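See structure below.
Order of writing sets the chain letters: A, B and C. Residues in each chain are counted from 1.
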Amino acid sequence: MPTFRSIVPISLEVLHSKRGHSPGVCVNGFLFVSGMLGRDGDLNVILDPEAQLRQMFENFGLVLGEAGCGWEDVVELTGYFIHLRRDFDLFMTVRDRYIGKPHPAMTMVGVAALAQPGLICELKGTAKLRG
Amino acid sequence: MPTFRSIVPISLEVLHSKRGHSPGVCVNGFLFVSGMLGRDGDLNVILDPEAQLRQMFENFGLVLGEAGCGWEDVVELTGYFIHLRRDFDLFMTVRDRYIGKPHPAMTMVGVAALAQPGLICELKGTAKLRG
Amino acid sequence: MPTFRSIVPISLEVLHSKRGHSPGVCVNGFLFVSGMLGRDGDLNVILDPEAQLRQMFENFGLVLGEAGCGWEDVVELTGYFIHLRRDFDLFMTVRDRYIGKPHPAMTMVGVAALAQPGLICELKGTAKLRG
């Protein structure tokens, strides 16, 4: 008997079937969102930096929506960057189209590698479930 | 008065006494598991990659067991890899011996260093407590 | 309607207004603390390693205090280090002035970059809210 609910938006189904991830998990009033990447539904990396970050947020938003949450329910985000200082401002510009106030808790660090070449950012997080 | 319960399996006791970590902490319906590594009880690194990853999962499993949880209660995993792309498939092969469906949320990133030379992966995570 | 409470200590206000972070977020019995850094209130990096780590813990402590928590409520810490092996012992020496037993769950990894040059460590974590 599973003790939690797995969240798998249709366009992220490959993550579940081929990568062994649940894009999201609902448990104890929280939604845990797996590290999202700026890839399309077939795991192709979007090469343009801004478009890639936008796709990453879109994918994150699909998980939120499937769990009945919105961006205003996001309480914590952790961003992993290949070029942290170069991309911080661009990340925030894209992020501000999705997230307003009150801001979530945030942690952003530079990492050595992500899952595929060309990826510049991975974003995981936690949201509060409604109801 | 502590406000949470510290989980210290006997064979991970050195982590607690010499490294100032609780291998696990139980609080508010969750078990938080510290970053586990493929080391034996005296903090010696297991050099063979597959054996090291197996030991890492065994150590993680000891924390789960001591808290009354099983692998099916794991809701979220974060993996930190020295060679993310080289070791991803091996990691998943080992993981699949422990974890089935529904899959947990997962985030996997490449890092610059782990606690000791020779370590290739660190795995932290969160489980749902039973009862 | 926000679904969580944003924690913004006065001397970390710049993080909120200029960086789009809530230093802390209270939700469902937990306080999530954003990655704290050893900077002063104007985001100037403290260059001396020990002083920088102390400032990082002081900043973390401000978030705890503003949420009505103490260090004994911290259940989980994740540390991101530029020089993990060089700075581990120094980190623990500073940490032990703040945190006793029972120890929190801890994960410590080496990263490729932090937000500003000269930063050697970032510390995020989770605490249990009181009553």
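The definition used in the following text is that contacts are C-beta pairs under 8 Å (C-beta built on N, C-alpha and C of every residue); 3 or more make two chains touch, one makes a residue touch a chain.
Nothing here was measured: the structure is a model prediction, and the numbers come from that model.
Visitor: Please state whether the interface between subunit A and subunit B is built from the same residues or different ones, using more than half shared residue numbers as the mark of same.
Guide: Interface between subunit A and subunit B is built from largely different residues.
Visitor: Which rotation angle, from 0 to 180°, best lines up the CA atoms of subunit B with subunit C, given as a multiple of 5?
Guide: Rotation angle, to the nearest 5: 120 degrees.
Visitor: Once you find the CA centre of subunit A and the CA centre of subunit B, what distance in Å lies between them?
Guide: 22
Visitor: Which positions in subunit C touch two or more other chains at once?
Guide: Those would be 28, 78, 111-112.
Visitor: Flag every residue of subunit C that touches subunit A in the complex, lowest number first.
Guide: Residues 2-6, 16, 19-25, 27-28, 32-35, 78, 80, 111-116, 122, 124 of subunit C touch subunit A in their complex.
Visitor: Which residues, counting only subunit C, touch subunit B once they are in their complex?
Guide: That would be residues 28-30, 72-73, 75-76, 78, 81, 84-85, 88, 92, 95-96, 99, 101-112, 126, 128, 130 of subunit C.
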